[in-house]
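Residue numbering begins at 1 within each chain, and the chains themselves are lettered A, B and C in the order written.
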Amino acid sequence: MLGLFFGLVRYTEMSDNAMDQVQRYYKYFIDVQIMIFVGFGFLMTFMRRYSLGAVSLNYLASALMMLEAVLVIGATQQGFWNQKSSKIQIDIALLIDCSFCAGSGMIAFGAIIGKATPTQLLWLLVWQVPLYALNQHLVIHTFKALDMGGTIVIHLFGAYYGLAASLMLSWRQPLHGLDHPKNASSYLNDVFSMVGTLFLWIYWPSFNGALASVAPESLATATDAQKMSQFLCIVNTLLSLLGAVLSTFATSALVTGRLSMVHVQNSTLAGGVAMGAACTLRLTPGGALCVGLFAGCVSTLGFSYLTPFLDRTIGLGDTCGVHNLHGIPAIIGTLVAGLASLGQHSDYLMYGTGREQLGWEVLAGGVTLGIAVSGGLLGAWVVTALNLTRSEPMDVSELFDDGPWWEGQRVEPL
Amino acid sequence: MLGLFFGLVRYTEMSDNAMDQVQRYYKYFIDVQIMIFVGFGFLMTFMRRYSLGAVSLNYLASALMMLEAVLVIGATQQGFWNQKSSKIQIDIALLIDCSFCAGSGMIAFGAIIGKATPTQLLWLLVWQVPLYALNQHLVIHTFKALDMGGTIVIHLFGAYYGLAASLMLSWRQPLHGLDHPKNASSYLNDVFSMVGTLFLWIYWPSFNGALASVAPESLATATDAQKMSQFLCIVNTLLSLLGAVLSTFATSALVTGRLSMVHVQNSTLAGGVAMGAACTLRLTPGGALCVGLFAGCVSTLGFSYLTPFLDRTIGLGDTCGVHNLHGIPAIIGTLVAGLASLGQHSDYLMYGTGREQLGWEVLAGGVTLGIAVSGGLLGAWVVTALNLTRSEPMDVSELFDDGPWWEGQRVEPL
Amino acid sequence: MLGLFFGLVRYTEMSDNAMDQVQRYYKYFIDVQIMIFVGFGFLMTFMRRYSLGAVSLNYLASALMMLEAVLVIGATQQGFWNQKSSKIQIDIALLIDCSFCAGSGMIAFGAIIGKATPTQLLWLLVWQVPLYALNQHLVIHTFKALDMGGTIVIHLFGAYYGLAASLMLSWRQPLHGLDHPKNASSYLNDVFSMVGTLFLWIYWPSFNGALASVAPESLATATDAQKMSQFLCIVNTLLSLLGAVLSTFATSALVTGRLSMVHVQNSTLAGGVAMGAACTLRLTPGGALCVGLFAGCVSTLGFSYLTPFLDRTIGLGDTCGVHNLHGIPAIIGTLVAGLASLGQHSDYLMYGTGREQLGWEVLAGGVTLGIAVSGGLLGAWVVTALNLTRSEPMDVSELFDDGPWWEGQRVEPL
């Protein structure tokens, strides 16, 4: 990899506007980094026996994916095989994209955490990057789907890649799901997890709007839709997130009779996922709020009913419930973007009519699902059935326990 | 509420300067959000049996208040009953104001945490928003008091609203105060609480200066006082906070013979509260430092002497000590702004002379106290004596224990 | 100190560009503050019996050093004895420098934490500030060394100051090192420590690039090297940090057979230290990555082999391993900057040729080492042998235990 970096990656040359670029992107880049490294890392520390594994492997895997993504996404986007340039130009916008790619990986990680060895995990995530780049290329460049905040490219893709891998990993593994005694939290672990939740929640408008700004030199020729874009991302995402908080607590109280930390930690974020694709549209503030209310409610119901059902029936273990936090809200978000397009001025769309946009949006979602599921199954098959990573099979007592991997820690007996 | 959003709230139209607005306000908005959701939420996790309740109810209540504030503050500020506009225009500056309003609510929460059911809490905070909007209107628009950082509008109001409510809530409740065995911390809980303290402390200059910037289009006609305003907010607030840290540790060592985490977690922040009203003035750096040194010292003494005294005499339970962190420092801050006005050039004031400004400042403080105390008493009377929320009375063992509300948790026996 | 503030410190007058200054520096100032107060504070909470002491004394000492630094660094940089100005002009760039100075102090704190009383600690850090200012003056103004991110001035200086003080403090103190049973972590403490690690890691590009921007009014006459400077700081630092994460995990796995949280918490940050001096240069992305890979590897090996060796042979206790996180990576970083200068265009250097730059870089590193070691030994000699602070000698059971200093805590028996 070091060789490829030396051979292929160069700084973007932009003496005149390097300051502009820092001004324009750097704050958003850091905000996204906090979400990936602190947000996802701490969200997963709810596991009482896998907190160190959660935050540390999140750290390692995100760093690895970012570096790989500089090469793979850089090459895909800048298409140097098309002679546009023979080198990858690295700049802060590309780094945001690489951070997004790592985010997609950390979503997948949430589905398989505690059930794969670190080696298996890393190979699965390394394999995810080229698929991510391919899918991003198709969704954004080929299909021209609306997806400023990555509902399709990041969340839908990451969640179903991880879920497919999880299904394959747990194939003949007993106790890989909700019944495992170590797949549980503790009081202080739940507080730690809220560090992750809150930083994700607060910075989500930056996530969805990170790339939505207009370059200062294009401001004169930009349409109103472009000039309003980042503002709309921020306001729509915030309102959707606020709605999701309310509906999550309300649904949780109705369903459990009390309140559940699992819901608070996760479903309150569904509003950000569901708004990622549509955030550049004029949904009206009421519309944005409505999307969040709906997403939070569905996500909470998913945790209460769908996850145990899938766990019982098809053995789909989903340690962090990414299906409810990312998967289903991303499907909602894809449809929201498509349906909302029907009422938009064409300046806000990539196509002349909302109907066309809706069609491409659905296609993008479908193709993403296909690539994610087949890629996840294939990747997990390679690391388990083929066992190319030469990992020893994990004992049941080692599931959801980072004891085997950390110096000074021990596996707790079941 | 959803209906009101659909009917009344619109995006601000500002195609030409939507990017300017994001540039001008967004960083400060996020900084304030971190203070409200992470800062206040984690500050209150010092309670060993109410950490989950602290951070989660802080999350829910802040989100609810922000949405309500978009409607209520939006309507009040934009006065659509005065035909200025028939809709509420939502923009990032309004969202900062809504986040401030939630902050005021979280201060009040600090006084009653652990002593009200979640339902009672939410009704009290929902009732706080219109009072907040009314009081803000009076203080800022009618009295034209100096209050850039919200010393009067946010801290003074929030603290005494909460304290009045707390007094009423604890009327016939035994063991509602310092003697309750669960009104206590633990070693790791104190570390969690420092997450809150430090994020509040670091971002406080953003809080006080969030709305102090000059619009790019007005820069040509702005006075020196306006152009220096945000810079002064930042430097004055920082110096005051630094002073409060030193005097808190020094006073704590003198008073306790050792050091007290309660003081470190809370009184070090008094410098930010005390500087909120005066931060746009030219206090000189020495003056700003002096304000912080004084506020930190008084706040620490309050924790050591005043809180136990009020607890014993009038039964004023104050779980997080908001009287010492927000109440008294806000009184100090109001007087600082008034007195400092005497020596200022009139460009820095809302009135021609400092004497006039001082008078209005004191009046604003007095009116705020009156609205806060009467509003808090009334609100708490409605949820307890009238019991409109139909809450069951809390058992003594349920005070300061979130066991009844969280799935998987239990009430610890006394 | 208050008197000096009143007498000597004034706001910088800059009515026309106060907004520009806030825009240019404020984000970076806050980012650096998060690193100093949250980053260093929580990094040291890994100590199971000194978490409160770590985060609280970090808070107090940083605040104290910042205020002292306003006076001392302000006076040194603005040279009012040279009649340039009779007052210190306080602005946000100066505050960033003061925050850097506190950072240097917190590095030194990491070497002596748990082995000095709070009084001794404060005197040692108060004494560090004038030495820091002197050394900064020599390195930056006299020698004109490249050191945008403070590899030499902050990390090299802070680490060896602290290590020298630690050596002197532990002179006749038994069990001051790795064998002490309280010099240890726990599962949840290791999670807390990751809060520090991740915030340091994420914001490090801001740290290295905080002062690298070009003033808007100088943009027209700035060279390409100046305009690219902040962009290069960000990209180089990020790539180096990413590299350090990978090599730390890899080396840790090779050396321990598993993974060590000590390595993850510390060595992953070595990439930021090693890039501080060279970050404004055109190292190529591959080169920056290479620096990080090397620094992370060396730092991890240092934790595994060098620290135990020095502990055993010369009794150098190094509680947080600052020698491996800051000391050695800073030596690497100094050499990287010097050697990389050989291939740079002179616009990127302070001297006409890279060879000259290399010489001054090495000289700056040597002088810094000399001042740091002699200053640290002298300071610690004053607080121990002379005992000017009148501290009682610490019992072995009080080492690495904050029980004596915190109300409500007790010393745990050995």
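Criterion: a residue touches a chain if its C-beta (ideal position, glycine included) is under 8 Å from a C-beta of that chain, and two chains touch if they have at least 3 such contacts.
This structure is a prediction, so every number in the text was calculated from the model and none was measured.
Enquirer: Between subunit C and subunit B, is it the same set of residue numbers doing the touching on each side, over half shared, or a different set?
Expert: Copies use mostly different positions to touch.
Enquirer: Can you report the angle of the rotation that maps subunit A onto subunit C, using C-alpha atoms only, to the nearest 5 degrees?
Expert: A turn of 120 degrees brings the C-alpha atoms of subunit A onto subunit C.
Enquirer: Find the geometric centre of each of subunit B and subunit C from their Cα atoms only, then give the gap between the two centres in Å, rounded to an integer.
Expert: That pair's centroid distance is 34 Å.
Enquirer: Return the residues of subunit A touching two or more other chains; collapse runs of consecutive numbers into ranges.
Expert: 27, 188, 195, in rising order.
Enquirer: Contact residues on subunit B for subunit C in the complex?
Expert: 27, 31, 185, 187-188, 190-191, 194-195, 197-199, 201-203, 205-206, 209, 213-214, 219, 224, 227-228, 230-232, 234-235, 238-239, 241-243, 245-246, 249, 256, 258-261, 264, 268, 282, 284-287, 289-290, 293
Enquirer: Touching residues of subunit A toward subunit C in the complex: what are they?
Expert: 2, 5-7, 9-11, 14-16, 18-19, 21-22, 26-27, 30, 33-34, 37-38, 41-42, 45, 51-52, 55-56, 59-60, 63-64, 66-67, 70, 90-92, 95, 118, 188, 192, 195, 404-409
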